[in-house]
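Have a look at this one before I ask anything.
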Amino acid sequence: MKTLGLIIVVLVGAVLVYATVDFPPFGDPASPASLHVSPRYIEKTVEETAVPNAVTSVLADYRGFDTMFETTVIFSAGVACFLLLRVSRRRPPASRQYRHRLTGLTFRVKDGREISLPLRDFEPLDSIWTPHDFIIEKVCRYLIPFIQLFGLYVIAHGHESPGGGFQGGVILGASIILLSVSHNLRTALQRMGEKASALFSPFGVLIYAGTGALCLVLGYNFLDYQALAALLPGGPIMARSHGIFLVEVGVGMAVMGTMVWIFKNLASLGRYDEGL
Amino acid sequence: MSEHYPALLVILPLLASFFISAAGWLRPACCFPLAVAALGASLLVSLGLLSIVIGGGPVSYRLGGWAPPWGICYQVDHLNALVLAVVSVVGFINLTAARTHVKKDFPERAGPFYTLYVLFVTGLLGMVVTGDAFNLYVLLEIAAITGYALIAMGKGRAPLSSLNYIFMGTIGACFYLLGVGYLYIVTGSLNMEDIARLLPPLHGSKVVTVAFVIMMVGIWLKMGFFPLHAWLPNAYTYAPSPVSSLVAPLMTKVMVYVMIRMVVTVFTVDYAFGVLGLNEAVVWLAVIAIVAGSVLALAEKDVKRMLTFIVVAEVGYMVGGFWLGNRPGFTGAVLHIVNDALMTLCLFLAVGNIVYAKGNSRWESLPGLFRTMPWTMGALVVGALSIIGVPPTCGFFSKWYLLLGAIQGGHYGFLAALLFSSLVSVVLFFRIFEMGYFEPLGAPHGPTHGQDGTTTVREAPLGMLAPLWITALGLILVGLYTGQIVGRVIRHAVPAMMF
Amino acid sequence: MEPLYSIRPLIAVLVSLGVVPILISSRNANVREAWTFVAAGLKFLIVLSMLPTVLEGRTVVCTLAEVLPGVAFRLRVDALGMLFALVASSLWIITSAYSIGYMRGLKEHSQTRYFCFFAVALSATIGAAFSANLFTLYLFYEMLSFATYPLVTHHQDAEARRSGRKYLLYIVGASIGLVLPAMVLSYHLSGTLEFSGQGFLPRSGSPFLLGILLFIFLFGFTKAAIMPLHAWLPAAMVAPTPVSALLHAVAVVKVGVFCILRVLTEVFGLDLLASLHLGTAVAYVAAFTIIVASLIALTQNELKRLLAFSTIGQLSYIVLGVALLSPKGLTGGMVHIAMHAFGKITLFFCAGAIFVATGKKHISGMVGIGKQMPVTMAAFFVGALSVIGLPPAGGFLSKWYLVLGTLQAHQWPLLVILLVSSLLNAAYFFPIVYRAFFCQEAQSLFQNTTREAPLWCLVPLVITAVCSIVLFFSPFPFLRLAELAAP
Amino acid sequence: MEEFLRLIIGKYNYWIYITLMMIGLYAMIAKNNLVKKIVGMNIFQTAIILFYISTGVKKGATIPIIEHSHDAAHQAVRAADYINPLPHVLMLTAIVVSVATLGVALAVAIKVYHRYLTLEEDEILKQIREP
Amino acid sequence: MIWQLDLLILTLVVFCGIGAIMIRDLLGAAILFGAYSFMMCLLWTIMGAVDVAFTEASVGAGVSTVFFVAAVYHTTRRTKD
């Protein structure tokens, strides 16, 4: 296998090198790629969509259709991980353990008997339980709001600066993931349950596709945000800008939901009990 | 409304998939009706689109209202209108048959299953309808990722096979992407027709040559063209029945379509067959694929696995027919996309029924099947006859065109390979029928299974038989309407340069 | 003359196919068989209803769908097709009656399946007879191959499986491996597959290619059992006797011969064959088959196998007659389809009746059987006369025309072969009859009491035997049709 | 020689992308460990992204965020001043696809591990052959 | 851009890539892959693809690595090559 791999790799490499010789020079402003289609995006983006970040305008408007499917890819990956890993049947444990927070004493309740304990003082010591690291826990707890704020900023400010729905969504998702890494999965699940993350992702993509469909219903082509001028303030140009924003929000929601969803499935093997 | 058909075709199932996913959490009983509604709608739209194209010629649709090459556009001509119809028909019929399997095997995962199912069909429809090379890649990945997951659902070796498929599929898709990148670097465009317009002056460029080669290799990997087929048999064998009867008929066929689209629309026939002059070599590769697929199928002792090798051989038919580079060959290849999709659907559905009743489709479970499952086996016979190429089933007609193409192109190796594989198919299927028919062997004149009915009929439920028989009858109907299909659709899809 | 457009040919084909669902669903055996009779009778009447039109020299045409450019799924009834259809459909009625006697007499299993596939096979036969082009012919040819497989392997034992494999290997293998490419090649050369009186292949084609093509066709239609691709026919004798009788003496094998006739007369055309001297070549291939098959038949002990080899020889008579390319030869060959059918089916019926009544299969065990089954053996004698070609049986007429044909074509060697083979035929049939009736008391293996097969078996074979004789005296309409078909 | 050197240096990015691609491809084909293969797959995908990004580079241009003022008298935007945004857009999509594939691949790999209790391909195949 | 820096990072990328597939510990491979992604992200920033770099930083170096670690955590760190 190794030799075969090596042969194939060298062959592919040779073919690619062969072609590279004919490439336009690196960074050449006069290469066809820089002259044919892209100039319009740069020159007209502000004029046509009122979005200075050309990447955002191309992403969400000129080639918005690609991006819709890109979001769908993420969504389907989320569904795929869920489908593959989620274990639905869970056996109740034979016995449960509780730990007294202050003293560290643990005791066991047999045969699924129910007892009432003040949860402020006791914590269940099941498979979810992981030893706490005080410093990490506190630092993360204070960090996470800022991370989330930043994520929202990135989504909202994609028009003017690098970033957008996708990056913002990943950051938002990462904040939840951080929570479950630094605390445990149950804490993260309390913030964003399985159902929530699973519904966030189709809902986000639905916002995207729905915006497109709305344009279609309003008599324009699919994803032609001009149509939104009938519903939103500002002319057709601003409507495009707003449309892009709507779509970015959708992307952000979908990506956040899916990232968390995939992580939960991967990290707990679909059992949703113990995380990393 | 009809001007929005190209978009609606993809949008309707896409939107529905989100609702199905949500319904999986909130109201699981709604998943299946939603999926049926979505694919049914897109089936209707695709048929409408086909009639529009037949009536008024190609249609294009600008997404987001941007003109190509700046925006993405959908381009529907005779070729892809036909393939669209096939994809949506197969997707829909198989969906109706899938319900029983889902209920039996994984009822708790119906929501995500139908979501991915509908997304898979959406991806394929999008690949076929799009006129943008990069958009095709994205949709390809949607179909691929959903496909990986659906295949990995199966039991036993399925995850391993799926992982293998992921690696191979990713290499294939990335090669395709790289090819698009190479075209982009020399033309600066991603729109297929725009690239075609810009390419002729660049025909001598090494970049274009390599782009072509690497793109073809990528596409071949995805379609399981012979030396690159290693992932295919395992993946399709171990997948759950409703998945293999979805993926096997569609994925390879759509990739063949992509190949045809790339060669015909992007690189143009002139370049692929004239400047590069690779046809002879590729047709010989196809010959090897056909022969190897057939011979490998002989070695299998599991009907489903045998079918996967037949799929490998059939891919050789289409690739070879197309690369003959003449009119009958092209017609045969396109017709075979239609026919083979239906044939493999029929066979895989029938095998699905056998698996449903017997637990597997290995040879041990075949004896006596003609008595216990007469309807399933009857449909299997129709499908088999079509693969063998017996008129009036549709398989005969595509084989006819392919043979004609081989004779017209003077390519007797291809001719021989086609005949050889037909003969091998006879052996393959009659081996199965013999087992289903003879065993357990009766003593001469000693009726062991008389009319008094010692064995009882234990058929699959009607929900699975009806789609199966609709497909089987479809094989014959499509066969009889070949003249219409070729005359009104495929004839207009043949590039003018071919004769 | 203007053809008559009608869907009657289609109905004639479909009527037996349409009865299949009824056969499957009927629970009662009597109802099932009644329906078989209804179908058979209807089919015969529909075929008969077209006879006057055809005798006027017109054709009946029914086009269904254009499947390939220039090739339609089309039925056309002309004289030759009518001749064949008339034979097949009339004999189906008789065979149905015989089947009932035979199958019930032996208490066979899966009778419903048997009757269904029989009906399908008949559909295919009539379809082949009425085909207007090579494509339609091929369609029905294949349909017949697959429909007869369950009949051949009816017993579902190891031997049946072996024979079934051989049957498929030869018939389907050759039709896919040889006929299909030959058809594609013809289409490539001429752009059509439509039969025409002058043949549709272009005269300008290279003689070598055309020669190859002809022989691919000749050997590709293996149902005609031209040597060396004949081995399936003796093997197929494991089938129940009615199947052997109607299908392997009439329908299936004659479809093969019929295909070859069509190829010779309407694909190539007599002029083309004559100009390339291909007719003679085919005639010698056929002659070889005639002699060798007859010689092999002499050595057989199992009655049905003997009849099978006899059939192989007789089929080549037909091919030979057409390959002579002379008008008399053509007429002789074509009318031999009918004459041989009636003669040979009688023989098979007799063989089956003997099996039902006594369980004997081998000739050596039939010494003195004439005492026990006089009617059957008398019919056997008539059938043998017809096959050998002696008056007063119908076979004499066709052989007479064949002999005239060789004279007309100035083919003396072939004349000799015909006569020699007749002698050989006599040599393998007469001893059976002789020993059945005229053996010494001591040698006889049977009691002196008459114990015939059931009436359902007996009546059909008497009818066919009588028909054989009647055909000698009034060969109309078969002779008239054959004369019409021979240009 | 000098020309050759210029070729090497002038297309340095392209050479690196080819190298990375070969590394990734090699890992996918020849490595025995499934997770290693997945790592290779991601390297392979990133290499292609690198290639695309390299095609978009323009010497002397800045990032594709258009400087604009809200005054009416803004000067015309020159395409040569900004890096080509199109490859960036495409590659955003490609990154997303790669992370999606990664997620699915890892999920499948975990399933494989739980069936065979190993990630080594040869050991798995051995288990399949001798159950 | 500063071409020396460019070259340096390009070379580092290659080394990280090789390291990720050579190291005999899957957790190490995951971390090296994270480093690789981060180098890649720097490279793209240098090349002016800020959006892509941003995404790669969050996805490649962030989430992907977490996914890897999660997967390795639940399977095994052992690898033979």
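In order of appearance the chains are A, B, C, D and E, and numbering begins at 1 in each one.
The rule is short, and it goes like this: contacts are C-beta pairs under 8 Å (C-beta built on N, C-alpha and C of every residue); 3 or more make two chains touch, one makes a residue touch a chain.
Source: prediction; values computed, not measured.
Asks: Are the chains other than chain B still all joined, and if not, how do they split up?
Replies: Groups left after taking chain B out of consideration (others unmoved): A, D, E | C.
Asks: Over the chains that touch one another, what is the least number of steps taking chain C to chain E?
Replies: 3
Asks: How many links in the shortest chain of touching chains run from chain B to chain E?
Replies: 2
Asks: Report which of D-E and B-C is connected by more C-beta pairs in contact.
Replies: Answer by contact count: D-E.
Asks: Name the most central chain, where centre means the mean of Cα atoms.
Replies: The chain sitting closest to the overall C-alpha centre is B.
Asks: Using mean Cα positions as chain centres, tell me which chain lies farthest from chain B.
Replies: C
Asks: Going by the average position of its CA atoms, which chain sits the greatest distance from chain E?
Replies: Ranked by distance of C-alpha centres from chain E, the top chain is C.
Asks: Just how far, in Å, is the C-alpha centre of chain D from the one of chain A?
Replies: About 19 Å separates the centre of chain A from that of chain D.
Asks: Please compute the C-alpha centroid of chain A, do the same for chain B, then give the distance between them in whole Å.
Replies: The computed centroid separation for chain A versus chain B comes out at 33 Å.
Asks: How many angstrom lie between the centres of chain B and chain D, each centre taken as the mean Cα position?
Replies: That gives a centre separation of 30 Å.
Asks: What positions in chain D touch 2 or more of the other chains?
Replies: Those would be 12-13, 19, 25-26, 32, 54-57, 61, 63-65, 86-88, 90, 92-93, 96-97, 99-101, 103-104, 106-111.
Asks: For chain A, which residues are shared contacts with two or more other chains?
Replies: 16, 21, 23, 31, 33-34, 37-38, 41, 53, 55, 59, 63, 66, 70, 73, 76-77, 80-81, 84, 162, 166, 262, 266, 269
Asks: List, in ascending order, every residue of chain C touching at least 2 other chains.
Replies: If we look for residues of chain C contacting two or more partner chains, we find none.
Asks: Looking at the whole structure, which two-chain pairs count as touching?
Replies: Taking the chains two at a time, the touching pairs are A-B, A-D, A-E, B-C, B-D, D-E.
Asks: Which of the residues in chain D come into contact with chain A in the complex?
Replies: My answer: residues 7, 10-15, 18-19, 21-22, 25-26, 29-30, 32, 54-61, 63-68, 76-82, 84-90, 92-93, 96-97, 99-101, 103-104, 106-108, 110-111, 114.
Asks: Note which residues of chain B are touching chain D in the complex, please.
Replies: Contacts found on chain B: 134, 138, 141, 144-145, 148-149, 152, 157, 159-160, 162-163, 166-167, 170-171, 174, 177-178, 181, 184-185, 190.
Asks: If we count contacts the way the header does, which residues on chain B are in touch with chain A in the complex?
Replies: My answer: residues 4, 7-8, 11, 14-15, 17-19, 21-22, 25, 61-66, 69-72, 108-109, 112-113, 115-116, 119, 122, 126, 132, 134-135, 138-139, 141-142, 145-146, 148-149, 152-153, 159, 182, 184-190, 194, 198, 205-207, 209-211, 213-214.
Asks: Which residues, counting only chain A, touch chain E once they are in their complex?
Replies: Going through chain A, the ones touching chain E are 53, 55-56, 59, 154, 162-164, 166-167, 170-171, 173-174, 177, 181, 259, 262-263, 266-267, 269, 276.
Asks: Quick check: in the complex, which residue numbers of chain C touch chain B?
Replies: By the definition above, chain C touches chain B via 64-69, 72-73, 106-112, 135, 138-139, 142-143, 146, 150, 153, 155-161, 164-165, 168, 172-173, 176-177, 180-181, 184-185, 187-188.
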